[in-house]
Amino acid sequence: MTTAIIGEAAVDRAALFEFLLRTGDNALILAHRLSEWCGHAPALEEDIALANTALDLIGQTQLWLGLAGEVEGGGRSADDLAYLRDAREFRNLLLTERPNGDYGKTMMRQFLFDAWHYVILNALRASSDVRIAEIAEKASKEVSYHLERSRDLVIRLGDGTAESHARMQEALDDLWPYTGEMFVGETSDEALAAAGVAPEPQSLKAEWDALVAEALSVATLKRPADGHMHKGGKRGIHTEQLGYILAELQFLQRAYPGATW
Amino acid sequence: MAPEERAFQERIDAGQKIEPKEWMPEGYRKTLVRQISQHAHSEIVGQLPEGNWITRAPTLERKAILLAKVQDEAGHGLYLYCAAETLGISRDEMYEQLHSGKAKYSSIFNYPTLSWADIGAIGWLVDGAAIMNQVPLQRCSYGPYARAMVRICKEESFHQRQGFDILAKMVKGTPAQKAMVQDALDRWWWPSLMMFGPSDDASIHSAQSMAWKIKQNSNDELRQKFVDQTAPQADYLGLTVPDPDLKWNAKKGGYDFGEPDWKEFFEVIAGNGLCNAERLGARRKAWDDGAWFRDGLTAHAEKASARRAEKSAAAE
Amino acid sequence: MTTAIIGEAAVDRAALFEFLLRTGDNALILAHRLSEWCGHAPALEEDIALANTALDLIGQTQLWLGLAGEVEGGGRSADDLAYLRDAREFRNLLLTERPNGDYGKTMMRQFLFDAWHYVILNALRASSDVRIAEIAEKASKEVSYHLERSRDLVIRLGDGTAESHARMQEALDDLWPYTGEMFVGETSDEALAAAGVAPEPQSLKAEWDALVAEALSVATLKRPADGHMHKGGKRGIHTEQLGYILAELQFLQRAYPGATW
Amino acid sequence: MAPEERAFQERIDAGQKIEPKEWMPEGYRKTLVRQISQHAHSEIVGQLPEGNWITRAPTLERKAILLAKVQDEAGHGLYLYCAAETLGISRDEMYEQLHSGKAKYSSIFNYPTLSWADIGAIGWLVDGAAIMNQVPLQRCSYGPYARAMVRICKEESFHQRQGFDILAKMVKGTPAQKAMVQDALDRWWWPSLMMFGPSDDASIHSAQSMAWKIKQNSNDELRQKFVDQTAPQADYLGLTVPDPDLKWNAKKGGYDFGEPDWKEFFEVIAGNGLCNAERLGARRKAWDDGAWFRDGLTAHAEKASARRAEKSAAAE
């Protein structure tokens, strides 16, 4: 395998590529789910906020997948990676592809993801790879706002009416088994951590746990027990949802190969 | 004319702005509420035909631009609802009027978006026609509406350029792409012309609205201006405007063009467009499904304020 | 334009191609909608019946689109026509692309379509084009069974509980504006009718009206007034639904161009 | 052993079939109900992973074949529910047990179908393993079950060939297609081996089921047979079975192979497979959403029979 010299550290190019795909795919797939709400949110302010969050995430997708293509060195652009890979080559967390459900479920998914996203981006700001550090610097500002919003809504709906409380608790219980995957390290992660490029996934858990526990407690929601956790996204084993997302997302690029838009 | 009405008209004639708390004739207030809320509803419903292509946008860049645009439009809806609220109607009342079918929204959004070129055509033609209507509204006599329009017009002209850019890229592309663009023009041209409304001769409202400086140009004037601006752009793109009567008239310094199919216009207004039921259905569903969400937020706000009151009572 | 000599009649090849696309696309798109129910129907017998109906319709699609490709003479197969045209080139009735809704709506859509399908296929059995007559002969046997089933369910649900009655009436009211398109003739239809290839669409209305009126009356459902009728499908102007159907239907052929399966 | 129980066992030993209304030990009845209903549930739930690809099947021909297959499976469900009903349990009771989680279905259907090759792999491996289990059941001591199996086995072997055919076509295709097939084998191989259940040493039920001729071969025997049949087919397709321990053992005239990950097996049984919640959720939703439909049919049937009764009373 080839290695890339970044600053001081020599890291495995394939491992770095995988890591960047994961980060970019998370943003892309979650933005897709949020976009599905367009015009259908329960309040105008929510339509605006969702479009804004999706927009931030698409911007981040461009940066992460752009860098991934650069690291890969095969001439693939961010668009090539977004539009011309099939499901097995996607590396997003299963959490990001979960169906929207009701607006409470969408917000709970967002909060659980934002809290992790915030923690990992903060860590990546100190990456030994300056390109990663720069993207993380920009993205973490956006994501800290996402987290502020999704945390706030989880709290208000959790501690709202009996119905909103019940819906949020159900959303939390349904989504919880998809959170463990955020902290599962693949072998490639060790090398990246050793080189100071990216943190080991499990090292982020304590901070995420604390963020989540605090918000859930204010929201009067009960943190589910850590039972079985689903995984697979990082190795391209997805739920059956992803194929449908990609059929839609990639339609034009697939149907009109080689066209520029 | 009553003395206060006369004074009101004199202020308008002098080019002064009317502000929320000031006296105004009931007809003026009603006309504005109808017009502003209809405009706001159009922004909101307008998210749907464009939202239809966000998940299928052909590149990340185009997806980002479309997301930003749709976000702007929801923002415009927000300013406009706020402007209407200064006239003594609540946003919920306006929604109620939309959902019951009492209030209208722009008929153009009852046409389907059938290809990515439609997203370009909406920016170029629909936003283009909207700007034509809205630019004079920046000088409307009602202050909050005029000020909202300043901001909206700036963003709309940006959207129009982006729409044109989508098409300019596509006509330089493959034959299939170029055909998509021509097809989009074929379908959106006439509905865009109809956005200015029927000829003013047919409208009773128009004269009074003109006197009140709510309206500043006739529908036909604006339509002419739109055609004069748009026809050369179509030409530049290498497209054929689907109107055999369209031709330059050097004598009048503008284009002659054919008459839109007003029967279709009134059909769509009457609810028979291909998407009327779906658009209104989607908005109603969003509202109904969101009731628990809004109730939850209200309940939380009440709890929070009760807690604050309790705390401050304890602190005294 | 070229003409095709069929039996005695010389008909416009393009008109014939259009007609065959319509007939094939109706079957394909409706089969797609029915397939979406797979495993989700309200009774096991319904799962079986839906799969069976979809299967018949796919078989008919193969025959109609196969003949369409032959008539076109450009070497396109039934699969090419099904998988490699975009929405504007599809000629199905808007009725066939309406979303499934609840099972009652699916059955109402089926009944309204089956009644028309039965009538037109019966007429096509006497087509001067023997290839069309042969396909119609086979298909009409299948469709007479489809109609028997959907008519029966519309009756049982219409004259069932208050809830099932209300659902069926709502389905009928929602779908009614999509039925007028079945009887709208395009200019190309006149030539085909003159050559005895296919009936003029409006000539089928009386028989359809009678079939529908009889069933609705037994079902205690109220036939909606004939108000505005949607159209467009025959000229490729569809609802926004069709694009999503095709993104899914065509994914593999688009993503793996040229592969054989 | 009570005399009737002894007589029962003697009939079984003599190879006679037991029929519905005849006396049978309660344990025999219970075991059969459990096994037949679990089998029926598997057919029904098994529609879902395959149904996932009907709308995306790559050709019209493949779509038709898959539709026919899924239809057959629902049909198998129907025979099996009927066979179980002869033992005094209703179909609704069996559904209730499925929906409450009391009754199981084959764990294999809790894995997702991620590519078109999975449809081939399910036919080849999953149906292949199912047939291995089912062929001996044609000689099962309970008549209705044995007869249902005759019909089912015939169709299943047809499905298996179709699945193999999907893969045979793909491995001769593009590198991407071949990679899809290898990936499908990698994911479905071990779960297929687990379909035979843990080693019989671990099972108390097995000995009694064998004595009653409900079961005729040990799990390990059938697993060995499956590997012996399937490994050469993988070879023929040019695929690599994801088991480093797999090799031909000339002495025993069969393959040696590795141990499946039984921890995963029990996890999935316990509800923790990637799709458990979705599969059961889909079945529950289908049932709940369909309540009005079934009620409507029942109400109609009652009305119709009341009308018939009235008519025949009037005629007398």
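Letters A, B, C and D mark the chains as written, and numbering starts fresh at 1 in each.
Just so it is clear, contacts are C-beta pairs under 8 Å (C-beta built on N, C-alpha and C of every residue); 3 or more make two chains touch, one makes a residue touch a chain.
Keep in mind it's a predicted model, so treat the numbers as computed, not measured.
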> If you tally contacting C-beta pairs, which pair wins, A-B or A-D?
Replying inline: A-B
> Where the centre means the average of the CA atoms, what chain is farthest from chain C?
Replying inline: A
> Approximately how many whole Å separate the CA-defined centres of chain A and chain C?
Replying inline: 42
> Between chain A and chain D, what is the gap in Å from one C-alpha centre to the other?
Replying inline: 37
> Roughly how many whole angstrom separate the Cα centroids of chain B and chain D?
Replying inline: 58
> Touching two or more other chains, which residues of chain A qualify?
Replying inline: 86, 243, 247-248, 251
> Multi-chain contacts in chain D: which residues touch at least two other chains?
Replying inline: 56
> Touch graph across the chains, line, ring, star, complete or other?
Replying inline: other
>> Quick check on the complex: what are the chain C residues that touch chain A?
In response: 86, 243-244, 246-248, 250-251, 254-255, 257
> Hey, which residues of chain D end up touching chain C in the complex?
Replying inline: 44-45, 47-48, 50-51, 54-64, 67-68, 70-71, 74-75, 77-78, 81, 116, 166, 169-170, 173-174, 176-177, 282-283, 285-287, 289-301, 303
> Which positions of chain A touch chain D when the two form their complex?
Replying inline: 86-88, 174, 177, 227-228, 230, 232, 237-240, 243, 247
> Within the complex, which stretch of chain B touches chain C?
Replying inline: 49, 52, 56, 112-115, 176, 180, 183, 187, 267, 270, 272, 274-275, 277-278
> chain D touches which residues of chain C in the complex?
Replying inline: 28, 31-32, 35-36, 38-48, 51-52, 54-55, 58-59, 61-62, 65, 78-79, 82-83, 102-104, 155-157, 159-161, 163-165, 167, 248-249, 251-253, 256, 258-261
